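One chain, chain A, links the two complexes that follow: it is found with chain B in the first and with chain C in the second.
And then the complex of A and B:
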């Protein structure tokens, strides 16, 4: 506040943090724009936001740093990822330019804008005084109140009206999101459990379909179930997959037909196919 | 090192976000680029708050965060409802307001 406090020297540690995390934040932003997959874009953006959160903490705003990590990377990006998963992350970005030369023009404009604004800001603020926030939110010689108290003191006095309007805005946003994503079903368009059960018993198969691989001796979806007489149960064929009999599995039969426990385990050797229990599995081929 | 480094970094991040809005076609990625621009502005606000020695800049940054949260909620809901009817999240396909 007072001119004596002007000239707070920025320490070496902060410079080190800046030169490490600044390129990280830039890389995150570039990766977000350049990556083709939208999920990768979201993860790159998380990197940038975390770096910015560290910058906030370094710049004497620890409350906003925590809010940045919790709200932005914790809530907003998770919301983004949820919507990406709902909308379908493989809805790939089209590379077709609808306007001719738009991409090149955008890049040129961006480069020019960055050069102009960056150079202007760098020139205008190269002698920017660093008053620091120790007078208002504590520090070495300041008052004992911290950053949270300083923010809350202003938020609930001078910015009270804006704060209340913010509450209204959040409620409107929540209700609006509910309204936009709500799907109205016509009454009666959804079958009750009773109707579904009645419709199923009117068919010729009231019980459930045999699962693939239940009575077959494999867990593969492609292995169809076997009926008690050894035929394939056609109801258990998986859709889209050619039914495939697992032939490499020995099929021991009843213990009474077998001589020894070793024989009961069966054999894969076709020369031993005469031995009781040593099925080669060829009959369902 | 002085505070203008932060400001230049924020300007570059803002530019990257703006170029992303112009270049990308996926509506969700466009939203992410807008978030990046808001974050860059927040960094500028917090840097100036430190420079001027008042907390007002931090308060404004907090309000920007709240408004960004509300904007993301409503925007993603709009994207969801557009996706339900058009089966696409590309901004090129949502051209019903064109004519």
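And then the complex of A and C:
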């Protein structure tokens, strides 16, 4: 094709892919904004990003497509999900407006901005001819070399400085992440297993702490264990969690109700039994 | 076969010195024993910044485009790089001050320990410091040096990130009032990320409109077809991203909160150096790349200058906290600086560029000094920032009050101080370019702003000391050096500005 006849006809395949994946990408973006659950949002976003990756590949930019899938969908989304899981996927934002009317104003201004930019771009690009990769690509190896070679050529010549300075950015990111998460241990403050064991046997309770109470009606770690006399075992409280009041099975206490040990077991008098038609007194006497 | 582009290492030397020192600093963190880290880091940081300052002086007169065309080393670049490196070295000295706070530093012991936890209370009294602030500050300075030299929108964007990320981190590392500091860091990070996104979007649109990210190619494309909708949109978004960094109203909303929450040495650093870097980039972008399409950005900058001056001056009046007051003062000064940007003719004529660069030097030195004085006045809870606590300071500590008055007079633009010379230069440049309405607004805004600076002076000298007022700490050697340098420079640039003005005038030619 000569430059005079500039203009490539968009193939049927490309058009089909666009009209299928376009709505999918849009649906993903809307779903990401509208879904209440943060994990669902992240998954919707994956859908959008994968669709975009396919678009790039279709538009003769396989490198960009691969980067989109590997970096965004792979690395960054995993990071998102990782953080979401760390923070707790149930945690939600407070919906109280601290500034009155903020949300309405933000919606109006955001829509206005989107309309302005969208209309501007639409107007500027409406009659642009489609050129195809070979027409626009300069760079190393001439126009006929592929997109990947061209990107590599630019990265190591024209944009070498930007590429190198990005290294500084990565160092800052690594130092920053370490700074905000790593608590340095005092030298010599780390106890050996032997010292820990000694210290434990000097206390009143060398054995392990009791676990939480697992009653028939509670499976939570917040349920405290009960002592034989029915009091709560304070040792079993989980750190940082308020002990939860667990509704207990009715529990007869006291001489009057219990009578003899047999009565306490519910095996003395049929009238005391709470199992209708079940165990009746004297049979196994 | 790919041929590597030519790198002029001499022209890159300021950048290499600072970033090299930063990388060594990270290694020091990893391998040096804890007790020697602080002195080693301070020494390294000072070597890097002072070395960069000297390197820019040695490079004076260089005019070249290097690193495959990505870096323009010319007069404005070197002048602003020298300013950033010098102010950066002074900020590092403020960071290194250890005798004012009873806990011996303005920085937290361990940023990862949750604020208010038992371990945090235990650590308050230890003398350890999170020494990572020094390499991080060096990375920020390196980013700023690159930012003013970038001849390529892509390098400009990477530099913007390199200078921003460390600032987000070190804003959250105050030793006292940690939650406030962390809140400031989060706010700065979120809004800064937003601004970066604007910049990036603008970059993409400009690339779409002109087919290049090189400033020179953009100028050629703009001259050839005088731009289209896409280019104007892109330029608008780029400018928004840059005005945010320069804390120009209406993109200033982060400034008061971050200035108040960040440790005072970091606030001083941000107020002085970030502003220089942001304005360097604004000037280069507007004049080198879009000089031929002035009609697109001149009204925008004109409006931003007026809004910024008015917002800064009026809201500054209502503040009761000195750090917040200086933050709004910084917004107002950003407006005055934009007056200088307007005062630069399209063809490179007019004194706007030299005036703006001179103003940046004077403002940087003065504001750094003012924040340094703030670190001296303390009560049991750290720095005494509330205005009422400064009442009668003149009687209690005449020297401190006198130095603070000097800086406040300079910020207000009273004659015989650096602030006056700077304001005079930018206003004259604006009037020469026919922007006299802007100069009138600027004069009115200066008058309003002068009121809140003078109010502090009146409070210090003409009211009775409060009973349980703050104490004035005796500064150690680093802060003393900073105060001496900034106070001397503020006076000297007010009385004999000729030499520096000439230097700025001679440097004021872009290569592109």
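As a convention for this text, the second predicted complex is superposed on the first by the 176 of 285 C-alpha atoms of A that agree within 3 Å, B and C clash if a C-alpha of one lies under 4 Å from a C-alpha of the other, contacts with A are read in each partner's own complex, and residues count from 1 in each chain.
We adopt the following convention: a residue touches a chain if its C-beta (ideal position, glycine included) is under 8 Å from a C-beta of that chain, and two chains touch if they have at least 3 such contacts.
This one's a predicted model, so the numbers in the text were calculated from it and none came from an experiment.
Judged by the touch definition given at the top, the superposed model places A:201 against neither chain B nor chain C. When the two complexes are overlaid on their common chain A, residue A:133 makes contact with chain B while staying clear of chain C. Touch criterion met: A:166 reaches chain B and chain C at once. Look at A:157: by the touch rule set out above, it reaches chain C but stays clear of chain B. By the touch criterion stated above, A:121 is placed in contact with chain B and with chain C alike.
In the superposed model, B is the one of chain B and chain C that contacts more residues of chain A. By the document's definition of touching, of the two partners only chain C reaches A:184; chain B does not.
Using the contact criterion defined above for the overlaid structures, shared-chain residue A:84 touches chain B, although it does not reach chain C. With the contact threshold set out at the top, residues 117, 121, 125, 159, 162, 166, 169, 172-173, 176, 180-181, 183 of chain A are in contact with chain B in one structure and with chain C in the other. Those residues of chain B lying in contact with chain A across their complex are 1-9, 11-20, 22-26, 28-29, 31-33, 35-36, 39, 42-43, 46-47, 49-56, 58-59, 61-63, 65-74, 76-81, 83-84, 88-90, 92.
Within the complex formed with chain B, the chain A residues making contact are 1, 5, 10, 14-15, 18, 22, 25-26, 29-30, 32-33, 38, 41-42, 45, 48-49, 52, 55-56, 59-61, 63-64, 67-68, 71-72, 75-76, 79-80, 83-84, 86-88, 91, 93-94, 98, 102-103, 106-107, 109-110, 113-114, 117-118, 121-122, 125-133, 135-137, 147, 150-151, 154-155, 159, 162, 166, 169-170, 172-174, 176-177, 180-181, 183. On the side of chain A, the complex with chain C involves touching residues 116-117, 120-121, 123-125, 140, 152-153, 156-162, 165-166, 168-169, 171-173, 175-176, 179-184, 187. Put simply, chain C touches chain A in their complex at residues 1-5, 7, 19, 22-23, 26, 29, 34, 67-71, 110-113, 119, 130, 132, 135-136, 139, 142-143, 146, 152, 154-155, 158-159, 161-162, 165-166, 168-169, 205, 208-209, 228-230, 232-233.
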